[in-house]
Amino acid sequence: MSEQQQRRDGKFGDYGGQYVPEALMPAIEELTDAYERYVLGNEDGFMDEFRRRIRDFGGRPTPMGRADQLSERYGTEVYLKREDLLHGGAHKLNNALGQCLLAKYMGKERIVAETGAGQHGTATAMAAAHLDMPCEIYMGRRDINRQRPNVFRMRINGAEVTPVEVGRGTLKEAINETMRDWATTVETTHYIIGSIVGPHPFPSMVRDFHRPISAETKRQSREAFGRLPDAVVACAGGGSNTMGIFSEFVDPRDSDPEGVDDVDLYAVEAGGSTLDVDEERGVAPNSASLSTGTEGVLHGARTKVLQDTDGQIMESHSVSSGLDYAGVGPELANLVEEGRVDAVNVDDDAALAAFHRLSQTEGIIPALETAHAVAYLEQHDDPSELGEYVVINVSGRGDKDLAAAMEETAGRDLPNAPEMDVFDGEGLR
Amino acid sequence: MSEQQQRRDGKFGDYGGQYVPEALMPAIEELTDAYERYVLGNEDGFMDEFRRRIRDFGGRPTPMGRADQLSERYGTEVYLKREDLLHGGAHKLNNALGQCLLAKYMGKERIVAETGAGQHGTATAMAAAHLDMPCEIYMGRRDINRQRPNVFRMRINGAEVTPVEVGRGTLKEAINETMRDWATTVETTHYIIGSIVGPHPFPSMVRDFHRPISAETKRQSREAFGRLPDAVVACAGGGSNTMGIFSEFVDPRDSDPEGVDDVDLYAVEAGGSTLDVDEERGVAPNSASLSTGTEGVLHGARTKVLQDTDGQIMESHSVSSGLDYAGVGPELANLVEEGRVDAVNVDDDAALAAFHRLSQTEGIIPALETAHAVAYLEQHDDPSELGEYVVINVSGRGDKDLAAAMEETAGRDLPNAPEMDVFDGEGLR
Amino acid sequence: MSGGTGESRIPAAFESEPAFVPYLAAGDPTFEASLAYVEALERAGADVIELGLPFSEPIAEGPTIQQAVVRSLDGGMTVERYFEFVAALDVDVPLVCMTYYNLIYQYGDEEGPEPFVERAAAEGIDGFVVPDLPAEEAGPLRAACDAHGRDLVSIVAPTTRDDRLQRLVDLSSGYLYVQARLGVTGARASVSDRTTESLARVAETGTDLPRAVGFGISSFEQARDVIAAGADGAIVGSALVDIVAEGHAEDRPPEETAAELEALGRELKEGALAAAEPEASQAD
Amino acid sequence: MSGGTGESRIPAAFESEPAFVPYLAAGDPTFEASLAYVEALERAGADVIELGLPFSEPIAEGPTIQQAVVRSLDGGMTVERYFEFVAALDVDVPLVCMTYYNLIYQYGDEEGPEPFVERAAAEGIDGFVVPDLPAEEAGPLRAACDAHGRDLVSIVAPTTRDDRLQRLVDLSSGYLYVQARLGVTGARASVSDRTTESLARVAETGTDLPRAVGFGISSFEQARDVIAAGADGAIVGSALVDIVAEGHAEDRPPEETAAELEALGRELKEGALAAAEPEASQAD
């Protein structure tokens, strides 16, 4: 399928598409048009402004540096691409800023977004404040009460945070509620989706806003070791940091496409506590939709989904809330199907151990999501087989995860967990 | 006084010097020698390695971007130098990484540092982990229990955190305790001081590790608006971010010294609740040592100090724990005395309002320290008098301050404070 | 129940008089009670019944129907039980299955809508409304409906522009679901101007498909007003589901809830009919 | 008290026999009690008394003395009260004021050490030990001491290299405070090898200044050992302050604490003397 076609109908092989209520279709068409004109066509210098702002406000390019201790441990040169240094502490801002700016170019007056753990919500709140746009974030009640610092941040940035009281009060209820808001306000409002999921043009557009990760990685690899890496490893929830760092290796648009096909790409999913599924209760104790999901339609796109045999979406689980999602981006699903990307997974314990390992040996506290990517090297029988140069995408920092990581660590038997007895009695939060 | 002399005896006019126990003097001499050889002389390529690591690990250069909303509000072009994007979330890493690396070059085997709110401690813990050095951080018991997330971070990075139980259990007790450790272990251990304070060579050395802030600001100003700014504004506690962004304007070492004398420099101190002092109780309800302090000897250097008429050091106060210090760097004290730097101050209320203003209008949640610098523009009768181009040093991000800022905000009548009623009943922490 | 594998009975339902088209989620809150509720609506004069097959991610529903979906799923509703429910219903009106595409797509061994449509047709479903399936993706389902003589009802939104409108009209059979206003399902107080506008735009396409208006209709007056505005039918969901929800919350006997549903149903049907009588609409 | 503005009495104190040099923080925990404690130490045989003037940032002190400083400051100690304290003391031994430079520097109207030294001399202080004042910064204080006939005692650390050592020797008068080991003040169990080494290095400079060893001496044996190692005096601080702290914590009558201080003081003085008698040091 030619790229041009891909742009038009948003299909990636059998995946993708636009499964949304008719009321939203005109907005989706308008957005598709805006995506093609502004993002792909740089109309009115949109991409120039985006690049300027993501540099001056966001902090691009983010650095890529050698992990001295990990390189020694694994007998291969390990480099870290530092999206944790982007403003807000994760890759998320690339997309939030891009879409917020696009909404402005489209003449929209208001932003809505869903958030689970709060990462996408905080990035959106920052971008909206930066561009002087009113913004409302939907967040499940349970998540609000679990993720107070992120709610603080959104409120402090001036965003409305609207609790979603129905159901379990987590991400999927928030997505449903945001869709509802959008279906009501679509004429004046833009919905900023938080990953490469949802109906076309979201998966392509979100990927393109994250594309600089990949372009920089190529350039920085050539600067650091004179060639492209042998392998690139990224965690995958929805898959935006993943496609962000993969895209120029999969579909090069920069001036330097040579050799990209030789780069192995690994998408590391959350294996949770086990890959087994409780069909009876409709619960997957993992979020490994690429590894264990089946084809289905979720949140506007056909993709790999954790679902029961009827097609009801299952509750997913992961120690990392940002990976805790029952679907995955359609483009990534297709790349796995085509064999271009390897879908692998690591469990909660391995991710927590990697969280502590990277913190202790490299001085970088990663997000628990990122810790999954780091853990993959440890899980590998012989990481040197990955090649001579391996780049890990450090998608975010772990400050948001401190309390969760400590609580989860306390309940497990991890050899490298720090003791916390410096505190006076009180609990960990 | 020539620069060479300044380097040798560490005097800045009447300020500076080396007021330390004899047991430490040999270490101070050794350090002075190392500073001159490695930092000033780039022996063994020390500075090359420092520059590489602060780039790849730290994320330098940090961006400088226009603050659109503030520029409009103040009728002058306001630019933000983004040290909040440095790894760890503040300028602190420049120094922590530099000293940790220096300790390595000097053959030291262990790092100690004091910390108050935990910013310098977390930066040191990160740098030590990155360079594979054991590290011990002294922190007052009261601070430990107030700053749990930062203690988490240090422990997660593998640092020992040793509670200091004596006295009020805050920064000054921690400094005393770290000095004691160093006095005992000086042969194998390096003490990383957290600001441009302490005995020579610390003030000069810490400044030099922060010097890139200033060099980048010059270059980025020329890129963004074709010339140097008219004014540079930075908050001042000890004064390390301050001298970091001032140094190339005061004593240019880069290739481009022209015009630096025309740049006005503002050091914004914490005015606390009032500039008045309670001599009776030995308490200053502010930390404005440049504005209201007198010459004295504190923590190894002669400088401006908050003290009673006997010379006993007063308890300082500020809503921002990183500014809450009774002294200030001797170089800064001298520059104020010479009239090269203007010492100004803003009170707690103004700083909190600026915290919310920058968050809401620019999408950047600043550290409460930084908020003082931002507040100065609001305090000014006519900010456009500051000149056409004003650069503010955003010394750090506010994630560490969320709980404190919300608590302090709740107790005041700030017009721009966000409501927090989205939470279910419970308290703010 | 009657129906079965013949042709869809929907077109006939709109022929004689303005239609009353109620919606309920099958199995809300229990299989048995829900059967009684649907049957009560037939007694009230329903001309077509939209029968929700609950999906775990009901992105087009407001909170009222979302909660109905949760109750039904909690009550053990599955696709298989849904078909058993349809089979067990003792009503003689056309039935429209309202659900989300993933459940249709997953049914049967190979992926695609055909097995679901075949089975539904066999159990007595006459047509389908699939809120997350726009015209662009509806080809395979349309084909399956054609193969099994079923109708595919499309939703026309207030935001639907003319090019899309023509496409929807071309795609649809049975009737057009004209969405009265932006937003999601849920009872509202008044009928919006956009309804009139939408109906007019549909009329301009020259289609002879019946137009049923839904989203927010909850009273005699609203049913009357939408028919007066040119609709051929009034679709009512949340107002009825509210009664089920209240009965469940208050633990009322199902017969009582059924009676309430029947009463509101009658009122709505009368509203629809009232508009058709010249006096009534003039009196307005 | 006696003393006054004549010459320092310190040199004479080391002339006849090994000296016992106790330290207490003036005013710990109260003015009155502290007077009694210092006097008890004189009775015990103190040859020189180091009298701490508390400073809010005692960076060279261990926790024991740091707490003494806190108690004294909490008890209302100020520079003025300190001089009153010295004046009120009824002892006849040389007194050394041990404090930090900022208090010396701030005293009087213009900044600089002279007014403080003048006043201290007038009240009966014979010399000064200033732990945070290295040779590099000591010029002005040395000059003031010379002007008023007072001694300036320097601390020699185990880390002090030979070039610095010579400088310290040249700077000092009264005696040299030889720091027994690295670290800060505080009682320890044994005497380190480094003490012996330091004493030897000081001897090599050819100075005839007396050498008093401090840091960690708390018992008869330790006092004896440091003298045996070549010291001219044993400085004891934390071990005595511990007694004051305990008395304070347990709320004992001051006389009781004074008696305990006197008892330990005697033991320490005897330890120092024991080393001077050949039999005792051989018996070791």
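Order as written gives the chain letters A, B, C and D; numbering starts at 1 within each chain.
Basically, contacts are C-beta pairs under 8 Å (C-beta built on N, C-alpha and C of every residue); 3 or more make two chains touch, one makes a residue touch a chain.
A quick note: this is a predicted structure, and the numbers were derived from the prediction, not measured.
J.: Figure out the least number of contact steps between chain C and chain D, where 1 means they touch directly.
T.: Shortest path length, in steps: 3.
J.: What chain is the most remote from chain D, judged by the mean position of CA atoms in each chain?
T.: C
J.: Hey, how far is the Cα centre of chain B from the one of chain C, in Å?
T.: One centre to the other, that is 66 Å.
J.: Where the CA atoms of chain A average out and where those of chain C average out, how many Å apart are those spots?
T.: That gives a centre separation of 38 Å.
J.: Got the chain A residues that touch at least 2 other chains?
T.: Residue numbers touching two or more other chains: none in chain A.
J.: Listing for chain D: what residues touch at least two other chains?
T.: In chain D, no residue touches at least two other chains, as defined above.
J.: If each chain is a node and each touching pair an edge, is that a line, ring, star, complete or other?
T.: Shape = line; chains linked end to end, path left open.
J.: Kindly provide every pair of chains that touch.
T.: Those chain pairs which touch are A-B, A-C, B-D.
J.: Please output the residues of chain B touching chain D within their complex, sorted ascending.
T.: Interface residues on the chain B side: 9, 17-27, 166-167, 172, 175-176, 179-180, 183-187, 282, 295-300, 305, 307, 309-313.
J.: Write out the stretch or stretches of chain A touching chain B in their complex.
T.: Going by the criterion above, the answer is residues 53, 55-59, 62-66, 68-69, 82, 84-87, 89, 125-132, 141, 144-145, 148-149, 151-153, 155-158, 161-163, 355-356, 359-365, 398-399, 402-403, 405-406, 418-420, 422-424, 426, 429.
J.: Inside the complex, what are the residues of chain D that reach chain B?
T.: 55-63, 66-67, 70, 73, 78-80, 100-103, 105-107, 111, 131-137, 154-161, 164, 168, 179, 182-184
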